[in-house]
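Input: structures, listed below.
One chain, chain A, links the two complexes that follow: it is found with chain B in the first and with chain C in the second.
On to the complex of A and B.
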């Protein structure tokens, strides 16, 4: 029996990367999970892995910018598990280039996924959490939401907006016993990056050495460990915080 | 739960309200705990106790050596800054001696703990984790609390600097901090006796909440976290 036994969690963007790593840690901790993923085959793979671990889990399609989709995701969680304890807004997108080279709609597109998405998710889940006496929302952000980054104007801008949204929701959430936490991973080695690291280590390792004080990339499992802590009773007095899991990047 | 089986922790200021909770939690999670305090008095859950004057270099050196001699290793060091003015003191009415009575144990205490704790961990060669407990007054200004706020923010930045200087992966020493808001029985609750109306959770935290955060940062679950200051404050920073 894990520390999250009985908790019902909605997790977006779990077909790969940080989302998948988080889903595995949640399942290890005995949470019940409704997850969403953009990539069909990879989502099915995540689903099979979680089921093989013995987890109670559902996969639902979600366009994070669709109110109707959000209602469906929450209905699934309520009808399957009878409650929703945690919403993890992990799905996100990035477009990286110099400001003058980014397409004109770059900012608008990223605001849609990175800001409208969490906003609509929180808005949809709020009345249910309020009715059941409280809940936890984790918005997965980035160190890019806390400082500027070359090639990141649209991405950093959207993530900074998301951070402000999280802090405000935390301030509003107290009276309903809804806690809101912003999680800030640093440079995290996801499947895609791992392929690059294997084929072009001469490019990636010097970048890691200069960018990350502990000279190691983060792993999706590291973010999952932080999420399990945040979902546990150990974190019950935490809200409105930015938690950095970044190998020291933001200590500089 | 028993994430600290086989690990040894030294907790400074173990007799304080937060210190007692930290000792109890680390022990419950399997650590052998050396409880250090100015009078070396017993603390529930501690394996051993030792006298530590946090403001004295020689005392830190002997407490660290004594921990390794008695318990065999040192994996976790927790410092807790808990010195405050007896009553709030506007800066224009504060003597240098009064200011130093707060900053010396808090800031210099954390410095000495880091300074000699890191050296001891390097000498032992198996890595480790330091968690400094400081105050939300590191980032929230309050009239009459110049010394406490200054020492808390000093600890915050010293934590980051120390983490960066240990970041080389051969060291495997992580340095983090917790900054506490209104916790039952801790200095912040005396300084701010009524709950601020914009405090999100509208309740005080408990020493156990702080201990849980310390235990997380000290554990392998936080192996990718260093140079970070975790607020345990019920949402004091949100608005």
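On to the complex of A and C.
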């Protein structure tokens, strides 16, 4: 029996990367999970892995910018598990390039996925958490939400907006006993990034050495362990915070 | 089997308040503890931990460099190594500037900065020999956000946070993680003393100033510290863990300096629009 036994968790964007790493750690901790994923085959793979671990789990298709889709996700969680304790807004997107080269709709698109998504998710889940006497929302952000970076005008901008949204929701959530936490991964080696970097492996380690004090890239499992702690009762007094799981990258 | 089984930790100011709460949470996770405090009678307050074999007590003034070998030797003698240091001991002076002497600033710097420096300096070679470790430095929300009544305390905690981040950068290559914890309004022994004749009434009155509607308990910091010291937090270093329940509802204007970029300007970090 894990530390999250009995808890019902909604997790978006778990077909791969940090979302998948988080889903595996949640399942290890005995959470019951409703997850969403954009990539069909990969989502099915995550579903099969979680089921093989003995987890109670459902996969639902979700366009995070659709209010109707959100209602469906929450209905699934309520009808399957009878409650919703945690919402993890992990799904996100990035477009990185010089400001003059980005398409005109880049900012709008990223605001949709990175800001409208968490907003609609929190809005949809809020009354249910309130009725239950409380809940937890984790918005997966990025170190990009805390600082500017070359090529990141649209991405950093959207993540900074998301951070402000999280802190405001935390301030509002107090009286409903809803905690809201912003999680900031740093340079995390997800499957996607590993594929890209495989073309230039000689660049990777020197770059990591210069960027990250701990001299290791982050792994999805590192984020998953942080999420499990935040979901546990030991973290019951943490809200309105930015928690960086970045190997010291932002200590510079 | 706890998350800190087999780990040896020194907790300064471990006999009362947040320090004792850290000790209790860490002992529950299986850590072996060396708890330090200023006076021998304070050891009475941690008798259950000592009697259970989880902790030993060392009398120590953390602000004096020559007092540190006592704590280090006790840990090495009892357990042969050191994995964790929680620099929890500190002091607070709250009075208006016109009532403050230069000695107050000196005292605050000694208690909140010198003690942390001396502690990190003393354990550092042992953590390197140990192939890594964790240092948690107890700061305060006031160290980040300032407060009008903390003229000597606030800058001492701010300097301590700078020390923490610098140590985190140096510690990376030795696998030493260094983290700040910033408690907000936590009902510690110090607060109980300041709370007047009816502390429970004072505590209830402070609740509404916090989004969660209540003052925090020391155990709630202790459990966060125990987690930070565990391998579950293995990729966390150089950060401030805020207990920001108080300020997140308040108004605060601050200018953020331009931080360094988080990724180098390399073509591999271009992600085209889909």
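Here is the rule we go by: the second predicted complex is superposed on the first by the 248 of 252 C-alpha atoms of A that agree within 3 Å, B and C clash if a C-alpha of one lies under 4 Å from a C-alpha of the other, contacts with A are read in each partner's own complex, and residues count from 1 in each chain.
Here is the rule we go by: a residue touches a chain if its C-beta (ideal position, glycine included) is under 8 Å from a C-beta of that chain, and two chains touch if they have at least 3 such contacts.
Predicted model, so just to flag it, every value in this text is computed and none were measured.
Chain B and chain C, once both complexes are superposed via chain A, clash. In the superposition on chain A, A:229 makes contact with both chain B and chain C. Touch criterion met: A:252 reaches chain B and chain C at once. Contacts of A:143 after superposition: chain C is touched, whereas chain B is not reached. Of the two partner chains placed by the overlay, only chain C lies in contact with A:95; chain B stays clear of it. By the document's definition of touching, of the two partners only chain C reaches A:103; chain B does not. Comparing the two complexes, residues 167, 170-171, 173-175, 177, 179, 186, 213-216, 218-219, 222, 225-226, 228-229, 234-241, 243-248, 250-252 of chain A contact chain B in one case and chain C in the other. Taken in their complex, chain C has these residues touching chain A: 165, 168-173, 175, 177, 210-213, 216-217, 220-221, 223-224, 226-227, 232-239, 241-245, 247-249, 258-266, 268-274. By the touch rule above, chain B contacts chain A in their complex via residues 1, 160-161, 163-164, 167-169, 198-202, 205-206, 209, 212-213, 215-216, 221-228, 230-239. Listed in rising order, the residues of chain A touching chain B in the complex are 3, 167-168, 170-171, 173-175, 177, 179-180, 186, 213-216, 218-219, 222, 225-226, 228-229, 233-241, 243-248, 250-252. Chain contact summary for the complex, chain A toward chain C: residues 94-97, 102-103, 106, 109, 143-144, 146-152, 167, 170-175, 177, 179, 186-187, 196-197, 199-200, 203, 207, 210-216, 218-219, 222-223, 225-226, 228-229, 234-252.
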